[in-house]
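Read through the structures below before going on.
Two complexes are shown next, each including chain A; its partner changes from chain B in the first to chain C in the second.
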Partner chain A sequence: MPKDDLKRVAYYPGCALEGTGHSYNRSTKAVGKALGLELVELKNWNCCGAMEVKNVDPKIQTYLSARNLAIAEDMGFEKVMSPCNGCYHNLKKAEYDLSHDPASAEVNAQLSTKSGHATYQPGKVETIHALDWIKDAVGEEELAKRVKNSLKGIKVANYYGCMYTRPRHIFPEKDKGPGSESTLKPHFMDDLLAAAGAENVDFPLKTACCGGAHALSDSDTSTKLVLNILTTAEACGAEVIATECPTCHSGLEMHQVRAEKVLGRKTNVKILYFTQLLGMALGLSARKVGVHENFSDASSLLKEKGLG
Partner chain B sequence: MPIHERSLIRPENLVTHENLVIDGVDVSGHWSTFITSRTVTDYNEAMEEEISALPGGEHINRCWQCGSCTNACTVNAINPEFNPRYWIYLIRLGMEEELLRDKEILWQCVSCNKCTYACPRDVVPEAVMKATAHWMELKGHTPKSPSTHFDESFTGSVIATGKIEEGQVMRSFFKKTGQPLNQPWLIALVRGLVLKFPITLLMRLGLSALIRPRTSGWGRTQAALNDYVSEVEARNSKALGLDGKGKH
Partner chain C sequence: MSEADPFAEVLDRVDRFLASDGEGCKATAQAEAFVADGELVLAAWLAAKGEQPTDETIEGFRLLALHRQGARGDASFNACRETCREIIYLRNVITLYDDDTAECRHQLRLQAMVLRHLALFVGGKLVEAGLGDFCCSAKAVRNAAPADTLSGAKAARH
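So, the complex of A and B:
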């Protein structure tokens, strides 16, 4: 059911979307524009802490994420949308920790005061993912009506990764029955791409790990994990893996190359952000959604399917 | 007689004798393989307390050894030696020597949170793995892992500027770990990038080297975070009885 308050939300792109995930940033904005949704970027945002800062101390990560929530509140927003799984997860986790762990709340207050800004109080701002945003603000029915260039005939494996669903307790709105997202078998991306005409394959590794946290520090492990995802997607008949996380996306691209060079295992499945597929379905050009910025070269496949 | 549990016993503890007679009974040869009995006396009784005092280790005492974590584990699926359930067991018993046998792999947890999702006791095994890896490094049992180097490069960048610039974090990481940059797959990756976007890439690299992305007005936050990190380091050292012994 489309919700009006999602027509204009705060936007938290995060660091990766200004670097390796630039095409995700570009395609998310382009899709928003095409759907008549307004994104207002958080003023002077900072890194959420990603996968790394918590290993130095989890409360620093809580503060870093809470600072962004405080900015959203200060700008008068009740919702902040983050397309990056890592940012989305950390903002959700900060919300959970601040309302359940007094020690985290205390450190957040102390660091906020020292930094000279208001302390974020939990319950003020809700963090949503780009999937929630499109699904709730527009919905599949409306999306299907707006499709100009159906994704018909494209076989897609929907890959959600780790941070979108785990651990369950930081996502209180999930697993609430019909209509809500499932943490065990997420389906929001499947729903949206199906509405755009894509042929989703039955993919068992939707929430498998790509080893993104150790993409560089333990490359051999990451390559094995990624190769498993790539070969499984191919075995399921997928031509494209649709992603929703810049770490997963660049991990899949980078270790697809590494698997070929180090293990001699070549895979041909292409990797595209789900927003890139949606954008093209809405009639945007491949360039407009940043397909040329991806490492994985999907241009010939897209031409063959009459897209972009 | 075959020993069905052979996989559970270390090869050095399986003994067969060429010539051995006990009480007039010949027990030589393969058919009467012995398992060397083991007595553990050197329990480290402080270990569980120390690990649970580090960030992330807080809830280790809740574990009731159901094994859901290991069953769900991403890394265990590609390396059966990676066994969070077993490590939590060893920590709680204080079997330090046994735990340290796995010091080369314990840091390899990829933080996928499958264990935390599966755990019925909210132990947060993922965080316990990080606390344990940290404990091993602080105690000097193992040098800093590549993962720790990466975490520190990354966190350093965030504290300094409020944001990260991926190229800068990678350069700092490769420098700290002394990894060669001429690995064939890295070359293939960079060659692909250069062929694909010769101009944008050069521009972006050049720009990020000149102007690092930063959050404006970050100075006070940077100072506050640096103070806090020093506090955390001092607290961790104290919990491990390392205070006054200099920085690890």
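So, the complex of A and C:
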């Protein structure tokens, strides 16, 4: 049953969606609009702490994420939607740390006071992912009714990456039985794309590491990990890998190119954000959902399938 | 099996299997061999950390027990938890089919690719271990000079 309180939520795009993940930002907003959902971007949001700040001090990362939650609360929202796995993970982790670690709560209180804004208290704002948002605000049944260009005939491997479900303890709403997301075999993206007509393949590396954190320090390992994901998806019969994380998405695209250049291994599977696929199923053009901004050129496949 | 680089040997076995398309192998035995190769990978990780790899099992599989042991105190190691479980899942699926069916060979091929992911992930993590966590963190920075950080500075004052 769709939840009305998700029709209008706070939106935290995060830094990646203003850079390499711009087409994810564009397609998420376009899909929301097409489905009659409203996103209200957080005012003056900041970086979630991502990877870099954590290395200096994890508690500062907690504060940075908590500040975004405080902004959402100040704007009157109980839910904040974050499409980036890294941001989603960090906001969830901040919520957990503030509830369970008095030292984190103390640093958060100190820095909030020093910065002159309200101290975020855990339990006030729930962070949700774009997958939760569309699944819970609209649902598969309603989504299927709104499909104008079915994704029928497109074989999709749904790739969630490792941050969407890990560590389990920061996602108390997952693994709650039927209807909830699974950390072992996530399925929300599969459910939504199936409702739009896609043929999901059984893909055993749904939550495997893409080597994103290795991209600079050890590119060869990242390339080999990505190549294995790409070749496994192809072995499963996939024509497209659907993504829901800008870091994974960029990694798959970049290392697909690098695997061909450095290892001489060419793969043909296309990489698209799930929001791009959903948007086209809802009748939006490929341009409207930013397919032209992707490195992975899916234009011929999309044309062949009658999309875009 | 050389103790120097079990990762390279496991990856080589996987590559040779995939190149031959499992020609002439008995699927159920090969599936068990892939599970054993997964155990070798995790045992090498534990040995490198100075730990004795466990002989215990979880849900009937040593691979899962080794993963749990490997992830103790190192949360980022959980990034390969599902990879380990997929290796076992595929082993279980393979036992449901007759050895010579196309579906059985397909599942075995997938199991080999998942094993390759485990070997690449753990091997990469091992290489990085001296420099930092594989997963998004520079352990060396975090462990060094706590007074350089905000919470460290606070602790140093007290």
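Note that the second predicted complex is superposed on the first by the 308 of 308 C-alpha atoms of A that agree within 3 Å, B and C clash if a C-alpha of one lies under 4 Å from a C-alpha of the other, contacts with A are read in each partner's own complex, and residues count from 1 in each chain.
By our rule, a residue touches a chain if its C-beta (ideal position, glycine included) is under 8 Å from a C-beta of that chain, and two chains touch if they have at least 3 such contacts.
This is a predicted model, so every value here is computed, not measured.
Using the superposition on chain A, tell me whether chain B and chain C clash or fit.
The answer is clash.
Considering only the touch criterion stated at the top, classify A:A208 as touching first (chain B), second (chain C), both, or neither.
Once the two structures are laid over each other on A, A:A208 reaches both partners.
So, A:T232: does it touch chain B (first), chain C (second), both, or neither?
So A:T232 only meets chain C here.
For A:K59, is the partner it touches chain B (first), chain C (second), both, or none of the two (neither)?
both
Of the two partner chains, chain B (first) and chain C (second), which one does A:V107 touch, if any: first, second, both, or neither?
both
Can A:T221 be said to touch chain B (first), chain C (second), both, or neither?
A:T221: touches chain B and chain C.
Regarding the shared-chain residue A:N44, is it in contact with chain B (first), chain C (second), both, or neither?
In the superposition, A:N44 touches chain B alone.
Check the contacts made with chain A and report whether chain B or chain C touches more of its residues.
B
Contact-wise, after the overlay, does A:P167 reach chain B, chain C, both or neither (first, second, both, neither)?
After superposition on chain A, A:P167 lies in contact with both partners, chain B and chain C.
Taking the superposition on A as described, I'd like to know which of chain B and chain C A:G19 touches: first, second, both or neither.
first
Which stretch of chain B would you flag for clashing with chain C, going by 9-17, 27-35, 81-89 or 153-161?
Stretch flagged for C-alpha clashes with chain C: 81-89.
Which chain A residues come up in both lists, the one for chain B and the one for chain C?
In chain A, residues 51, 54-60, 107, 162, 165-167, 208-209, 211, 213-214, 217-218, 221, 224-225 are touched by chain B and also by chain C.
Quick check: in the complex, which residue numbers of chain A touch chain C?
Listed in rising order, the residues of chain A that touch chain C are 51, 54-60, 103, 107, 162, 165-167, 184-185, 204-209, 211, 213-214, 217-218, 221, 224-225, 228-229, 231-232, 235-236.
Quick check: in the complex, which residue numbers of chain B touch chain A?
Going by the criterion above, the answer is residues 55-56, 74-75, 78, 108, 110-114, 116-117, 127, 130, 134, 145-152, 154-155, 158, 162-167, 170, 173, 177, 184-185, 188-189, 192-193, 196-197, 200, 213, 215-218, 220-221, 223-225, 227-229, 232.
Could you list, by residue number, the parts of chain A that touch chain B in their complex?
Touching chain B: residues 15-16, 18-20, 44-47, 49-60, 63-64, 67, 107, 110-111, 114-116, 162-163, 165-168, 183, 208-209, 211-214, 216-218, 221-222, 224-225, 254, 257-258, 260-262, 292-293, 295, 297 of chain A.
Residues of chain C touching chain A in their complex?
Contacts found on chain C: 75, 78-83, 85-86, 89-90, 106, 109-111, 113-114, 116-117, 120-121, 123-124, 127-128, 131-132, 134-138, 141-142, 149-152, 154.
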